[in-house]
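Next up: the structures, one after another.
Paired with subunit B in one complex and with subunit C in the other, subunit A is shared by the two complexes that follow.
Let's turn to the complex of A and B:
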């Protein structure tokens, strides 16, 4: 029974993984990737690691892939055309890497087969939520904290990139509808006839920079 | 396989069938209740002609959905267009298996003690959150594959809204998890059986409960958070191009989602199957105790469903920027504050 389920989910995972690379439509690729994540979660459940399985579905299938699909839909990415490969020289490298990977996997399987069998006790709390929680907050506290600082840095970085007021070189093409302000509005030391300008994001930012009430936001209108 | 295993599987099968039938019947009658209650709020009569007081209306609706012509838009992406309602309904139904409908009960006639729930596992709460987040794809893909700009806008709005409010929803549950110390829904309900079945977590987590209810309404795309299908702006949102049975599946998914979200609220905050003071009359584990527990649980769920309908009849719709501001700048910080308060109090006082 367990073997049958393993074959089912492993086959599903491999099939979906192949579809991720083989499909030409980016949305189909994304859906196949969701399939991979969900079949992996099923395999985790069979390995008695329900917490990892649930987190796999929540984080990867539920959050990250939603964002990916969101971006694909928002940008309306066209079907990728089959083009002449510019990076053809990478094909032999890929073959060599795949050969190494297969050799490693074979070696591991062979090695595990040869090693003396260790029987684990039937009752184990590894993989249960409470054991993972206490391990994260005691034994692995430092890696856990460092990881969270890394994530925080990523968030701050993304915010900085998104909020930056860009300076536009003279004569540059600007997206229609963008708010463009002359630079001397921000910096009084710049001469009035300076043609340099900056691009702001949204009327609220312009209003904030200029220190005037924002007429475009009905919630802030008096 | 021996006979005990086969009997076990057969009993599970019967339990699953009964649970799903009852739940789907209640869902069908929620639709009728919604129409009647809305009509009452708006000073109308509502559907009252099919059967006694309109009691057969859900089946008439179903018959109509089946008999309608199924129109598929010419320029739609066929496969995904068919897949989307299936994903939505499946994800909605899948969360139902973890809820405990009642305590372990001895069934008379066959003399077997059964837990009155379909499945039990360690991470039931995370499972619910995970499956709910997969349900977003149904709406997103429906919006994209219809090849209609209103559908697409509805799908995009819905996914943005669900991602935003999922955070507040998940964080509002952490208070309960801190109190209970487990993610297992059955243990969480067991912990609320103190004080003769009245030790509900809502008394310890009032703030968490309010945040959960608000976020849950947003998660199920209901008024006042129904921007994905705002008919004044987007025709019908993500299901504009869907007709007949495929539309019915989206409709069903929405009401099942309402039902499961109400079940989660009842389980985590309102004591689950705990009916106050019946342990004074019936022994725990007896048939009557189990029966009344199930009735009590379903009654709590129905109270939440009624509140849903009441809110729909009362409140106007949000604007999209209000929705986003409310979710990110108010609900999320308040949910974090709730976690902080709960953790601090639990550290210094022995509340539970």
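Let's turn to the complex of A and C:
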């Protein structure tokens, strides 16, 4: 019975994972990935880890995938284009390396199956919420606190990255080379919410757009 | 007969390999991001399998922390993707290769 359930959920997970890679539309990728998460949550229940299974569904299939689907909808991406083939001679090399890797993995699995198995069949409370919580707040308190700091940094970083910069302040430093600037900086008649970007080549062009004097003359650089 | 530990490890290895292949094959930033999530989940399955078979709660604790890191990665990574799309009008990683030598 457990073997049948394992085969069912493992097959579902592998099939959905292959669908994630094979699909060209990112939205279908996301739906397939949710299938992988759900079948992995079922496997966690079979492994007597109900808390992790619940967190898997809530955090992964709930929060993270909603964020991903939200970004896909927001950016409104079209179908992925067929990529040009540029691998050439790397394909046979990859086939040989993959064959070696599969042979190694098969040998390891074959070897593990023949080694003596330590059976620990007594009932324990490993996986329950109370044991996880008590260990998290006593023995592993430092990783717990570090994780909270990490989350705070992630909040600040995400807000900094996703913020829209309206204009570059006057006197801003100009880096030589190709600069990617919003289109409205080149033509003030274009509305501010037009997010298209153009490339400016050379610091003097950028300085002209920005209205700052270009005192970094490349001829005077030593 | 019950599922053995090696079955779970083999399933985890298969999922991780599919994730690696996706990161290498895919050219869409969001699809690569989802393949990375797939690899994180494969590692989580390994943690939970060892934790369950050896009756040690440490593995499940680290699964919890890995999930937190994945959530933080999702927030920051999607912020980066939005910033790239705003500047480049594209989600193709080949279009965002300005840092490549």
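Note that in this section the second predicted complex is superposed on the first by the 129 of 222 C-alpha atoms of A that agree within 3 Å, B and C clash if a C-alpha of one lies under 4 Å from a C-alpha of the other, contacts with A are read in each partner's own complex, and residues count from 1 in each chain.
Simple rule for what comes next: a residue touches a chain if its C-beta (ideal position, glycine included) is under 8 Å from a C-beta of that chain, and two chains touch if they have at least 3 such contacts.
Because the structure is predicted, anything quoted here is derived from the model rather than measured.
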Return fit or clash for subunit B versus subunit C, each positioned on subunit A through the superposition. fit
Counting only touches as set out at the top, which of subunit B and subunit C does A:26 meet: first, second, both, neither? second
In the superposed arrangement, which partner chain does A:6 touch: subunit B (first), subunit C (second), both, or neither? second
Contacts of A:154 with subunit B and subunit C, given as first, second, both or neither: second
One more residue to check, A:73. First (subunit B), second (subunit C), both or neither? first
Does subunit C touch more residues of subunit A than subunit B does, or is it the other way round? C
Between subunit B and subunit C, whom does A:130 touch in the aligned arrangement: first, second, both, or neither? first
In the overlaid three-chain picture, which partner chain does A:142 touch, first (subunit B) or second (subunit C), both, or neither? neither
Tell me which partner A:63 touches in the superposition: subunit B (first), subunit C (second), both or neither. both
After superposition on the shared chain, which partner residues are touched by A:105: those of subunit B (first), subunit C (second), both, or neither? second
So in the superposed three-chain picture, is A:55 touching just subunit B, just subunit C, both, or none of them (first/second/both/neither)? both
Please provide the least distance in Å between a C-alpha atom of subunit B and a C-alpha atom of subunit C in the combined superposition. 14
Common interface residues of subunit A with subunit B and subunit C? 51, 55, 63, 67, 74
Of all residues in subunit A, which touch subunit C in the complex? 2-3, 6, 10, 13-14, 17-18, 20-21, 26, 29-30, 33, 36-37, 40, 43-44, 46-49, 51-52, 55-56, 59-60, 63-64, 67-68, 71-72, 74-75, 77, 80-81, 83, 105, 109, 112-113, 117, 120, 122, 124, 126-127, 131-132, 135-136, 140, 143, 147, 150-151, 153-155, 157-162, 164, 178, 180, 195-197
Give every residue of subunit A touching subunit B within the complex, in rising order. 27, 31, 34, 38, 41, 50-51, 53-55, 57-58, 61-63, 66-67, 69-70, 73-74, 128-130, 219
Quick one: which bits of subunit C touch subunit A in the complex? Just the residue numbers, please. 1-11, 13-15, 18-19, 21-22, 25-28, 30-31, 33-35, 37-38, 41, 44-45, 48-49, 51-58, 60-61, 63-65, 67-76, 78-83, 85-89, 91-92, 98
Interfacial residue positions of subunit B with respect to subunit A in the complex: 77, 80, 121-123, 126-127, 129-134, 136-137, 140-141, 143-144, 152, 155-156, 159-160, 162-163, 166, 181-183, 321-322
